[in-house]
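A, B and C label the chains in the order they appear, each numbered from 1.
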Amino acid sequence: MFKYFPHTEADLTQMKQSLGIKNTERMFQVIPSAVRFNQDYNIPSSLSEIELRKHMEELGKLNQSKMIFSGLGAYDHYEPSVINHIVSRQEFLTSYTPYQPEISQGTLTYIFEYQSMISSLTGMDVSNASMYDGPTATAEAMFMAEAITKRKKILVSDTVNPNIMSVVKTYAKYKGLEVDILISKDGSANIESLKNKLDDTIAGVIVQRPNFFGIIENYDGFSKLIHDNDSVFIINGDISALGVIKTPGEEDADIACGDCQSLGMPVAFGGPYLGYLTTKKQHVRKMPGRICGQSFDRNHVRSFVLTLQAREQHIRREKANSNICSNQSLLALYATVYLSLMGPKGLKQVNELSYTGAHYLYDQLIATGKFKPVFNKPFLKEFVLHTHLNVEMIQKHLSDHGIFGAVNLGDFDEKYQNVVNFCVTEKRSKAEINHLVSLLGGLS
Amino acid sequence: MSKVLEGFLYAESHEWAKKEGKIAVIGITDFAQAQLGNVVFVDLPEVGANVKKGKEFGAVESVKAASDLICPVSGKVVEVNEDLVGEPELINKDAFASWLIKVEYTNESDFNSLMNAEAYKEIAK
Amino acid sequence: MKNYDHLIFEISVPGRVGFTLPNSEISGYNLSSLDASLLRKEVPALPEVSELDVIRHYTNISHKNFGVETGFYPLGSCTMKYNPKINEEIAAMKAFNSIHPLQKASDTQGILRIYYELQSMLSEISGLHSYTLNPFAGAHGELTGLMIMKEYHLQRGDFKRTKVIVPDSAHGTNPASATICGFDIIEIESTPEGTVDLEQLKAALSDEVAGMMLTNPNTLGIFEKDIIEISRLVHEAGGLMYYDGANLNALLGIVRPGDMGFDIMHINLHKTFSTPHGGGGPGSGPVGVKEFLVPYLPNPQINKLDNHYFLDWNKDSIGSVSGFYGNFKVWLRAYVYIMTLGKENLRQVGCLSTLNANYVRVHLEEEFNLPIKGFSMHECVFDGLKDQSTGVTTLDVAKRLLDYGVHAPTIYFPLLFHQSIMIEPTETESKQTLDSFIEVMKKVAKEAITDPQMMKLAPHTTPISRIDEVYAAKKMILTYKDYLKENQ
């Protein structure tokens, strides 16, 4: 007997009897004996809970938790205690996709709230119920642009984080789309380059703000140029930052996409995170994934239900614009609870604290003489600096003092050798920042 | 039983066409609307667009299904039934009255391969 | 409590807060010094609520949900097994949550070891050579697997293979994934027994076929008895075999996909390996391959040298399909599940889930149409009520089950039948639970005759009754802003 299997010997006997079989083997006799697997898997034996806890604690000790001073797609923001208590409720945690709305109003209600909040944060009309992560959401935005324009080429700014770029390129390659690069100037997407590249083959243009260098790019004139070319304007934006910086909606973008990890989700070695995707209402039928809408039940009680499902793979099959089925629903709940707790004031304060800490660190690092500015452009919570010191040595030194930071952009692209990333969130105190500065200032 | 009217010509993909001089009026059949259920959205081409026989020119969508519209004749769209944008359920009420588009057809012969009511009745069962 | 029907926005009161943050100790810097043209003008429409407001609101709406811990959840194709608590406890450990994905491998040896060991155990369980854990969900795994298939043909210089064969009984994600991967689809019809028609398969095969996607047992719960011949035919034509792992639960301890001739597969960890479905995600869709396909796995791959684990980028790879390394805390839970079951128990899963499904099948054959006779695997498919004279449909049956505290089975899928009811009782369900489910199903079948009107209006005891889906699709009220506009 095993704790997850309730079958007693008596149960098994009775069940076999009602099937008219003596041996359960009888149920599998259609399986060709040549391929029948009749042995134990070569995997470890069952661990008791006591043994398992010890084993996992040992594995846990092989990881080094550090004070985090870098970002690049994973941000160490504050996680309000309340959230985990709510998202671990079994009603949310163990339920399936809300295909039976009568017993899924909990899930459907938070999806509706999530869509409302994300639409407002991005300044767009509609959001879907979530995507896997920021990079795959961006790739799906590219597919939307293809579906809207029926064109096959996508322009991506070279200031987009390479982790996003590489997923976009993978998706494009196999679908038969072409990716062309929008060359930046001084660390930002450049309008002259855009003018040169736009023609009637371009389905859409993808930019990121804040970008790979942490820079808040300026998109004056972008939307007009792109729309005059009948192309689709796609902005990837850090959702937390959109609490204060100009929204994709205010930029007259057609699609906004990105990651919601910055809404207090643990960095957790890269996942699960949460991708978001929003657009204008006119493009809603080209949108991938689940969408929740409001309706009424038979007694005219306000209710919520998955809607516009005729877009999706389970109905459209090979004609669907996307194959997404499972999304990151529980993380959408996480984001919704986070945004409820923080509200407009909290989100603003998180950004202000991050901004203040990051700019203080920036100035202090320059003052050490060990780091130099790379671009002179506005940033929010992360930035890059050039150093003449050996980056491996810097990282090792920080690591020895329990700090993770100074990620080398050269690890992503050789042309950025000795350009390092720092990020400060509201979790970093002045004393912690000063400590980092003194560690770096002492290097030679 | 769904309605199949005389005087209309039918495609296997469940569109109907009616010749009115130089114009072909195009819609979906009563059988098609019954199969779809409540129509919630109709996606139609713009006036001036070129359509091709056998090629997709739009889509109809219900809560549970979506179906591409296949054009029974080639030509140029001269009129689009704007009423359907706000009230797509009109198709459920009367599929033969709720035409989708009017096309100035280029080849009279396009009609030859369409079915008459009697032949279509065999399909719409 | 079940009547609670507010949205979080509706309990918002200006000025309330649900957070505390430290005061800034740094002066001389201010966000407002950014150029105004870079700042948002409109305050985001977020609620202003206290901490307790938030907790009560979400607790109240949670009561309108049905989870695996609420009651029996026989949703076919979804493998709604018990989600063990120890998995949650481990996934919440700080040692796993506080690690930044860009930290050096020397900081993450524990996690990388879990990745490596889990991919090895999945390889053993499925009879394949190596796995990537990077795909986020089943459909994402399908896409990744098809990219590998395509890349394999491309790197052999075989550019003609642009088509993928998919049986008509396949999950909708199969043809959708193939399209997203730039393939054309050849759909082949099933035999009356619901299995692959070998003649149709032969006719579809050519040097333009990149491969075939297959679920086995298929979506009818039937084992493809000709699987060896199917694999042989596809391989002979130069194609690869893709296994959709959605139904893998049935095969644990019974047969391994790799041994049946499959070259590529994905596993839905949120089905077979007990990670919670989370209301629709996060899932995890690891992809496994035979040895000759290993170079094409997505980047990064996790490898081991001596006793050191490291990230590896392969130039022949399809590229990356995820920002980092997939849904780490989901595959972490799957690892804990496998370690808990161990080899002794994991091999029981297929047999017990199959026994449960067959037990349900034989007890409902009188009341419900069973289009395909004989033993099923881990799920059984009925084609509606036997007596449909009162016009009661599968939808009505499903809705009525909710009144009896049972989650509805999957309905109207597979598409091969008009009134499909697909029941999957997993191995974690007891005979008592199955008996009471069978009793409820029989009762509902009776009610369909004695009180069809009541059945058509079911459910009657749930937080809401049947919902107007046409209104939702036509009005498209998709945000609170839309809602306010509609109700001005």
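FYI, contacts are C-beta pairs under 8 Å (C-beta built on N, C-alpha and C of every residue); 3 or more make two chains touch, one makes a residue touch a chain.
Quick caveat: nothing in here was measured; it's all calculated off a predicted structure.
A.B. asks: Please list the single chain whose C-alpha centre lies closest to the global protein C-alpha centre.
C.D. replies: Chain C is the most central one.
A.B. asks: Could you see whether A-C or B-C has the larger number of C-beta contact pairs?
C.D. replies: When B-C is set beside A-C, the one with more contacts is A-C.
A.B. asks: Return the distance between the CA-based centres of subunit A and subunit B, expressed in whole Å.
C.D. replies: That pair's centroid distance is 43 Å.
A.B. asks: Indicate the whole-number Å distance between the mean C-alpha point of subunit A and the mean C-alpha point of subunit C.
C.D. replies: Between these chains, centre-to-centre, one finds 19 Å.
A.B. asks: How big is the gap, in whole Å, between where the Cα atoms of subunit B centre and where those of subunit C centre?
C.D. replies: Computed value for the inter-centroid distance: 38 Å.
A.B. asks: List, in ascending order, every residue of subunit C touching at least 2 other chains.
C.D. replies: 469, 473
A.B. asks: Going through subunit B residue by residue, note those that touch at least 2 other chains and give them in order.
C.D. replies: Touching at least two other chains: 41, 61, 63.
A.B. asks: Show the residues in subunit A shared as contacts by 2 or more other chains, in ascending order.
C.D. replies: Only 315-316, 319 qualify.
A.B. asks: Taking the complex as given, what residues does subunit B use to touch subunit A?
C.D. replies: Answer in residue numbers: 41, 43, 61-66, 68.
A.B. asks: Name, in rising order, each residue of subunit C that touches subunit B in their complex.
C.D. replies: 469-470, 473-474
A.B. asks: What part of subunit A is in contact with subunit B in the complex they form?
C.D. replies: 285, 309-311, 315-316, 319
A.B. asks: Under the stated contact criterion, what part of subunit B meets subunit C in this complex?
C.D. replies: 38, 40-41, 61, 63, 88-89
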